[in-house]
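Dropping the structures in below, format is structure tokens.
The same chain A turns up in both complexes below, where it pairs with chain B and then with chain C.
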Partner chain A sequence: MAKDNLKKEPLMRIVKRTKNSTISNKMAVIVRVVAILLALIVCGIFIFVLTKTNPIKVYYGMIEGAMGTNRRVWNTLRDTMILLAVSLAITPAFKMKFWNIGAEGQILVGGIATAAVMRYMGATMNGPGLFAVMIVVSIVAGMVWGIIPAIFKAQYNTNETLFTLMMNYIAIQLTSYFCIVWEAVKGSGTIGTINQETRNGWISTSFLGNIFGQFNYSINVILVIILMVVMAYYLKKTKHGYEIAVVGESENTARYAGINVKKVIIRTMAISGALCGLTGFLLVSGSSHTISTNTAGGRGFTAIIVSWLAKFNPYMMLLISFFLVFLDNGAVQIASQYGLNESASEVMTGIVLFFLIGCEFFLNYRVVFRGKHEEA
Partner chain B sequence: MDTNNAIELKNICKRFGDVFANKNITLEVRKGEILSLLGENGSGKTTLMNMLSGIYFPDDGQIFIDGKEVSITSPKDAYELGIGMIHQHFKLIETFTAAENIILGLPGKEVIQMNAVVEKINELIKKYGFELDPTKKIYDMSVSEKQTVEIIKMLYRGANILILDEPTAVLTPQETDRLFDVLRNMRNDGKAIIIITHKLHEVLSLSDRVAVLRKGEYIGTVLTKEATELSLTEMMVGEKVSLNIGRKPPVNVHKKLSIKNLTCVDKAGVTTLKNVSFEANAGEILGIAGIAGSGQKELLEAVAGLQNIQEGSIVFHDDKGDIELVGKTSTEIRNIGVALSFVPEDRLGMGLVGNMDLADNVMLRSYMDGKGIAVNRKKPRQKTEKIVDELKVVTPSISTPIRRLSGGNVQKVLVGREISNAPAVLMTAYAVRGLDINTSYIIYNLINEQKEKGVAVIYVGEDLDVLLELADRILVLCGGSVSGIVDARTTTKEQIGLMMTKHSTEVM
Partner chain C sequence: MNIILIILKKIFTVTFIQKAVTQGIPILYGATGEIMTERSGNLNLGIPGIMYMGGIGGLVGAFAYEQSVAVPNGWVGVICALVVSMLFALIGGLIYSFLTITLRVNQNVTGLALTTFGVGFGNFLGGSLSRIAGSAGQVSVYITGQTFRTKIPFLSTKLGVVSDIVFSYGFLTYFSIVLAIFLSWFLFKTRKGLNLRAVGEDPAAADAAGINVIRYKYVATCTGAVISGLGGLYFVMEYLGGTWQNNGFGDRGWLAIALVILALWKPARAIWGCILFGGLYILFAYVPFGDAMQEIFKMLPYVVTIVVLVISSVREKKDSQAPKSLGLSYFREDR
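What follows is the complex of A and B.
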């Protein structure tokens, strides 16, 4: 038989990386850097086609937009901290493989609770007492929103993804309702800035003003950094953290080890929801001073990307949150600078995320070409 | 080319990374012969067979089918060449009948002539001596019947070369005999049959020739009638091994665990254990035999406090008195000082966490020790070092995720952890499944040591030859009930085989 008549091996195949072919950490970093570079090149082409401007100049505009002035630096930092806070909040649940896509709703109810305290108690109370009430109430609200799907999951094994998603809609509708109840101008459907005159219940932006200037978000930064360190300790070093990891890997193993799986699910979602609620407080009291259905702004979903890209490592989440916010704020700047609309900035963020998440494929799978030896 | 050869492999190579899974394998299978493919885990048997069935493609070498060089790039190619592989896990649709499963995926007219199909299947059944009703639904079938369906499926498609991957792992001795009769009929009809197995006595009783692989290399082919268990083991392992499980007579035997009228019901409401009563004694190994899924798993889990118990009692006998275990969780049992150790069947799905490192796995059952919210990792790390050292676990470090270890080393860590807790009762389920011969004997020795220390050992096993050599008494389960408890020193394999399928009240 002539060898030509024989069929050949397929040109290329996709092979899952197994225990013997996991990628080295150094390679993993290189793959990610290459992904970002490729994303920037594609973005550059996109920008050039639209604006016919030198992409390098445009990228400079991006840095300018995110970090150009003192004010912009603090805005970028503030948004980074909020995104980091949400990412930290959802991480225990995701590490437990509890697919909580309800952070958005948990943030909103925390925000509503904060806004309510500011409105109704802001006139009579002030100072630490008011903040204590706002914090407690926002935490309780978020916790309730997180615990409900957890109880149903633990008791009746309901699907937590659908459940938390629907809880989001309830939270959004509640927010719309309160926006009308509390509306500033009749018929506007918006609340406007709460306590604009007295600034009661506003987190101070002049703390450490002699170092950072009168306008800064140092309190937000300090709170979230503390949260990050605590979360890293909780996940890595505590018995709770160990239980979460075991339940996430295998419920059977957890039962075998004597872990009360139901209790861990409910407790972890309580923590997760509580921290989302607290983020709602940070958003309302610490930056926007109002509430609307856009307050969470999709951060509950972006945080999932942050958490997974960071492989549940809180310190990595700081970097990734900063990167995403930087990209977002920078893109908004160039969109306005070069007369593109907001969608253009979203397209660019999308391109970068596509490459960044897409490169995970190459970290988990290999493409084997014909004739090459397999490296399974 | 010799046209008497159904398959001829020449210098087949397959590499995974730097490791040769198959290196220069040259092998032929004749028409009308049964060839046993023998080798330890990781010796490359499955890789080789996967290249014949189109799942892998060889890096180098030639394959000849009926004397013609072929290239098999997909399972479809394999089946067009008349190669049929019967895997360990069946691929059948439960709600279809045998006949419907057999014709599944085959081209045909819009209207299926089911009567003609059944008739054709019945011809095959008669020709080779199968026992099967083609109109029976799969979910009504025993494991052995399902296997029959898989084999007939291949024959119906005109397979002339059959590859069976450990076909007897799930069968009773009687069912195995029946399968072997059928295979012999097929051989006499001129089919070429390759059977992958670990069980040496089956190799000797069934096959015409034996091909041995070791670490990816072809060691040789011998005529079965010239081989012995010892000579084959030496070929597989590459050195002289003694196949002796040193069972000592039990000393100072006393009651440790009394189980009375235990009945368990699973989540779907199916009774998994019916009225099970027995005693496990300190200083003795109680073997548990039964067809897979006869309630072995549920029995061990019930004792460990992991099952929903409907009725019955489990009493632990101690110097301090008797303790009832039913109604207590596994944590409560541990906290009152009952040292139960349990090596579950599903090692990485129940006994260990694959993505965690060795030390974190060793502390799985003791992570709550110590005060405060933080876990104390110091003691578990020391314990892990000790286990790695004493049981010669091959691992880069104790901080390596355990799933990266080989199956034998994973099991050493699991057994090591369970033994390190100084148990009063040690339960193991399929403790040597998938392990190579040397590691298996290490595990047998560990279990024997525990027995000599006065531990009550409950050993669930699937290899009856091993059970007869290792255990002191053997309890046989059938459909969730105890069909008898026999003395391992005086009973025979056939007797146990009968008890595995027939309910009996005779208790010795």
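What follows is the complex of A and C.
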């Protein structure tokens, strides 16, 4: 009888981890490291099949590509900070289970607003005043873009994933509209570098130049690090942060506890959109000094993965952003070094992401094999 | 008023309708596939990536065949393209299914990663296929591409305007419409279709009723991926004539996801929806307001989608909503 039962039991079954059986921090790290190693092995096979070169050599080329020179280190840092900023921006909404995949659009409208101020006010107004105006308009633009879907979500429960996705494309078209209106050479469809001679409205890249060399992005870095600390505080220690967490867990609980859910949704999305807009400002004023439909460059989507992998922890986001940017910049380098198409970096990023996403399973569930009985 | 007349005159022409249809068909494939997927409760945001994978798969299949024989036969090329295209799209679907259904990780995150991967994979192979094979220049499978464009004999020439508007396309066009009608019938008139919809609405209830939720989710998601992949194949073969353009497919994959909303999760409704979207997608070229305004007109498909999304959520009509469990993983022991 007992033997029969044993046979009928499936080979393995899945048990969700509860509060009493959470994975230890050490194990969680090990699982992730193993996932990354497996991903690198798969990428290595992919590289070997295509280039017939030793993958270890190729990986060395990657480190070289991302960190090889002073300039490359700063580029990697700059991209890390931008990705981190977007990830921080979407996190409050995300923690509320509001799927804002419209960061791309919110960044772009922030960027357009910044570019407009640089173009039209850059000549007459310079110094702190100009920066203040740029920051305010970029924040307002991003906020508007984020708040529209939030209002409909709060009022009519309109699906925010699809709404924000569509808002991206409207923003992209708006960007190409301005690219033509402002185009540098007629028919080119690109606006070129804004204020190239005067550099009005550019965030200085030579700040702390005698320590880091004339070309650095230390202002961007400092601003985003401050943002990271503030966001960590906001989410963990403030009443707003608590409300966001409750709404994310269960809207009904939140309502029962007397939280005005609609207000929280709209307010949180306003913050999210505003910070995306601010990132647009950092991109336009702080690094590219121009705007195009590629300015956001898919970061709005990558940021969702970053935020989710970090489990909404801002400090973890720094680590994951750095890892992904490192991977991307490194892969671009090896692609050119070995004559591969530059999209090779996206393929490799994709493979690493699959493993990193997949390993979350082992953090949330346990696999119990047949015959192993445990006391409940 | 005059300007509207001018635009209307330009739109009610045979070429405009033909172009709208050609633009619409890849979106129709994508939307049909995504509807099947979403009906099982999976919101697959990887569809744009899968469509790239399907497209490049077709090119790989046809290219391998055309390179291996001296005088390639177009129809054999078509079969090779179809098989490899479906295989590549299936791989995309399996990656998504394994991660979200078996490992139960977040669907949106997985989908976005799949899109990153798929688009990169397509552009990567598309850009380096000919170099990997040791030949120079842009990859091209002219003979297979032309065969995909073969029109129906007789009907496509003898019926005047009707021939031009209705019968001037390759076989993938007609297949997409037949498929959409068939799947509508399947979803709403068969027992299995009912089961699938039940899985998407309330997997726990479906499970209790004895439906194998996991199997339904897997089959629907993978079938959906293969169907969407055909949209990429259509674009590469019939639209481009058997070559690759870097990022040429553009944002059509996202439009396919938008079309699912416009079609209210019913494949047959996506048929007219796709022609409407195709028309809106190219309308900008027919508007005499200058280059900059054209960019504004390119917003139309997205604006229309938002309007439909808002209206359907305000009306709260039961049968025009997204499947209730959309986006959620199913774990039997969850309560």
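Just so it is clear, the second predicted complex is superposed on the first by the 342 of 376 C-alpha atoms of A that agree within 3 Å, B and C clash if a C-alpha of one lies under 4 Å from a C-alpha of the other, contacts with A are read in each partner's own complex, and residues count from 1 in each chain.
In this text, a contact is a pair of C-beta atoms (placed from the backbone, for glycine too) under 8 Å apart; a residue touches a chain by one contact, two chains touch by 3 or more.
Predicted, not measured: the structure shown is a model, and the values here were computed from it.
Within the superposed three-chain model, A:99 lies in touch with chain C and out of touch with chain B [touch as defined at top]. With both structures placed on the common chain, the touch criterion links A:338 to neither chain B nor chain C. Of the two partner chains placed by superposition, only chain B is touched by A:238; chain C is not. Once the two complexes are overlaid on the shared chain, A:59 sits clear of chain B and of chain C alike. Once chain A of one complex is fitted onto chain A of the other, the partner contacts of A:354 are limited to chain C, with no touch recorded for chain B. Of the two partner chains, neither chain B nor chain C is touched by A:323.
Contacts of A:246 after superposition: chain B is touched, whereas chain C is not reached. After overlaying the two complexes on the shared chain, residue contacts for A:176 are found with chain C alone; chain B is out of touch.
With both complexes placed on chain A, chain A has more residues touched by C than by the other of chain B and chain C. Residues 14-17, 19, 56-57, 59, 68-71, 73, 77, 304, 306, 329-331, 334, 342, 344, 346, 349-356, 360, 363-365, 367-368, 373-375, 403-404 of chain B are the ones that touch chain A when the two sit in their complex. Interface residues of chain A facing chain B in the complex, by the touch rule stated above, are 1, 3, 6-10, 19-21, 237-243, 245-246, 249-250, 252-253, 255-258, 260, 373-376.
Residues 43, 45, 95, 98-99, 103-106, 108-110, 112-124, 127-128, 131-132, 251, 254, 257-258, 261, 291-293, 295-296, 298-299, 302-303, 305-306, 309-310, 313-314, 322, 327, 331, 333-334 of chain C are the ones touching chain A in the complex. Taken together, the chain A residues at the contact with chain C in this complex read 14-16, 50, 99, 101, 152, 156-159, 161-163, 165-167, 169-170, 173-174, 176-177, 179-181, 189, 298, 301-302, 304-305, 308-309, 339-341, 343-347, 349-351, 353-354, 357-358, 360-361, 364-365.
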